[in-house]
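Paired with subunit B in one complex and with subunit C in the other, subunit A is shared by the two complexes that follow.
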Partner chain A sequence: MTPPHFAFSATFILALTGLVFHRTHLLSALLCLEGMMLSLFVALSLWALQLDITSFLASPLLLLAFSACEASTGLALLAATARTHGSDRLQSLNLLQC
Partner chain B sequence: MNPYVLATLLFSLGLGTTLTFASSHWLLAWMGLEINTLAIIPLMAQHNHPRAIEATTKYFLTQATAAAMLLFASLTNAWLTGQWDIQLMSHPLPTTLASLALALKIGLAPLHTWLPEVLQGLDLPTGLILSTWQKLAPLTLLLQLQPMNSSLLIILGLTSTLIGGWGGLNQTQLRKILAYSSTAHLGWMVLVLQFAPSLTFLTLIIYLTMTFSTFLTFNLNNSTTINTLATSWAKAPVISSLAPLMLLSLGGLPPLTGFMPKWLILQELTKQDLAPAATLAALSALLSLYFYLRLSYAMALTMSPNNLTGTLPWRLLPSQHSLPLAISMTASLSLLPLTPALTALFTL
Partner chain C sequence: MMTYVSCFFLGGFILSMIAVACNPSPFYGSFGLVAVAGFGCAVVVGSGGTFLALILVMIYVGAMLVVFVYSAALAADRYPESWGSGGVAGQAVGYLLGVMVASGFFWKEEYGVLWGFGGSVEELAPQRGDIGGVSWMYSLGGPLLVISAGALLLTLFVVFEVTRLLHRGAFR
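Now for the complex of A and B:
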């Protein structure tokens, strides 16, 4: 496993762990999601540099566009949650339990 | 909702799934899945009710995680093998990771815990889109993966059928029951994926038809709990006489259509020397049959204690078009004799 491969894999797994084990605030989950997307962006950019094919250099931008849309959707949902539930604390998201 | 906005969102849903269907590159498939997620979020949150917003937030988090994991799996595959083609993914680690990510996307056990709560917070038409259309794109990708470790899909399938059956036993909310039923049916689909993908496709189409008619029946009766279902027989008595048969078709009883996929899957598993797995799957179908039977019992086989017959609703002209319901109900009740034709039609 080459060092760049290890670097972005470790970043992704750390951010995924942070997303999976978030306990208090919804915002920390969204931040970890952004961290995951950032590590994937770096991985795609390094991939294009690895192969020295310039046409692959557009793919990190495509990923960035979709990840920006996703991040803004997450923030809109955070604002909506703060409106309906009062805060972004995860303990207050308990209306739908069995 | 504003009709232009609704049209844009529904067309985006169609675009996302079509993009994933047509792609052979992992990045394009991921983009199609992301478009699907982004397009359904406003549909889910349109009512601005606290339960709807909570369901939307939970759905967004799980789907975004699954999509990111899928892209990580394909990037790992690219760094390890040097190519991005979906059907040529051969290294075991990215294949396993991609299968788990797609399992989280569609709600297979043990990654199913988001589905009952999310479906509970939605209204019935949006829940219908979530249960039917949103399963198509990830299942397409699952069909194209070739897992090295053949026991992963079998374990996912058996766990899903068991948990789908057990989890639905304690529910009175219809949407949660339908969520567990969705998990169980997806378990059956995934069980036979690596042996006969055309059976997965056939099960998917029949599951879509049955779920479509179930959701439309509940929407017509405007019922979301067993209690409201029990008192809804007077609104449309013809529906109340056909709906128990449709629920038993979901449970997989012959001579209804729902028996067809289970029969063919059990036959295929026995041919592949997996008789214990087939036995376990058949026994777990009994668990889900119990709660379908409970629903049909409450709906049509007993009259629940009500105040007076004067509280029965007026039978006015129906305000919603029932032609789709009529077609899908007919299909979900009477297609078993056409098994050879359907097997020949839905071959991959």
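Now for the complex of A and C:
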């Protein structure tokens, strides 16, 4: 792996471990998901730019559109849990089952 | 010179992702994600994709992170943990050690000359590669645009359904 490849692979793995191991806030998990999508964006655009495939340069933009979908759904879940449970701490989500 | 600049950008990319992943409070986490987006833009620009980096800045820092920071107000901590507090700093050091071990595992000596990003960076070129790719998306990739616009519209209705708290909503 060349250093840019190592950089985006390392950021993907870092965000994935952050998502897996830390669950105090729901918003922290959503931020780690966004970091994963961001490293995927950099990976796709570097791939298409280094190989000079111009027709695949549209794929990072479409990935960004779908990551906007994912982020908005996650934030809607965050707002709903903050209104029903009072906070977004994941410890309190199984206290008050509704 | 280009070696130092790209080394700085790639290192900052990894370090700011460590700052997101080591579980600080959501205020600091979203600030770290701003830094990740900025360094990612710098990496993409260094490889020649100027328009992609512009789109990334506009969508992330312009739209999405504003929503994230607003939602961080919903999830306010009374005692927020920054990167200086004990558990967060310990996790950050652990992640940093992991990255250093992995980079030592993948390091080869001939990469000393390969710190540049590669790709076609011609200065003052009238037509860069990514401009052509994006115009391809608007001409031949029209069905893909329609599909992603439909996905965004569907997401709008999903958000309406989830956040509605009446007896018909998802959360009762």
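In this text, the second predicted complex is superposed on the first by the 94 of 98 C-alpha atoms of A that agree within 3 Å, B and C clash if a C-alpha of one lies under 4 Å from a C-alpha of the other, contacts with A are read in each partner's own complex, and residues count from 1 in each chain.
Everything below uses one rule, namely that a residue touches a chain if its C-beta (ideal position, glycine included) is under 8 Å from a C-beta of that chain, and two chains touch if they have at least 3 such contacts.
Quantities reported herein were computed from a predicted structural model and do not represent experimental measurements.
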_Partner chain(s) touched by A:L26 [first = subunit B, second = subunit C, both, neither]_ = both
*Looking at the overlay, does A:L40 come into contact with subunit B only (first), subunit C only (second), both, or neither?*
first
*Partner touching more residues of subunit A, whether subunit B or subunit C*: C
*Can A:T81 be said to touch subunit B (first), subunit C (second), both, or neither?*
both
*asked:* Can you give me the overlap between the subunit B contact set and the subunit C contact set on subunit A?
replied: 2, 8, 26, 62, 66, 69, 73, 77-78, 80-81, 83-84, 98
_Which stretch or stretches of subunit A touch subunit C in the complex?_
1-4, 6-8, 10-11, 14-15, 17-18, 21-22, 24-28, 30-32, 34-35, 38-39, 41-42, 45-46, 48-50, 52-58, 60-62, 64-66, 68-69, 71-73, 75-84, 87-89, 98
_Residues of subunit C touching subunit A in the complex_ = 6-7, 10, 13-14, 17-18, 20-26, 29-30, 32-33, 36-37, 40, 43-44, 47-49, 52, 55-56, 59-60, 63-64, 67-68, 71-72, 74-75, 91, 95, 99, 102-103, 106, 111, 114-115, 117-120, 129-130, 132-134, 136-137, 140-141, 144, 148, 151-152, 154-156, 158-159, 162-163, 165, 169-172
*Which residues of subunit B touch subunit A in the complex?*
27, 30-31, 34, 37-38, 41, 45, 48-51, 53-58, 60-61, 64-65, 68-69, 71-72, 75-76, 78-79, 116-118, 120-121, 170-171, 176
*Complex interface listing, subunit A residues touching subunit B*: 2, 5, 8-9, 12, 16, 19-20, 26, 29, 33, 36-37, 40, 43-44, 47, 59, 62-63, 66, 69-70, 73-74, 77-78, 80-81, 83-85, 93, 95-98
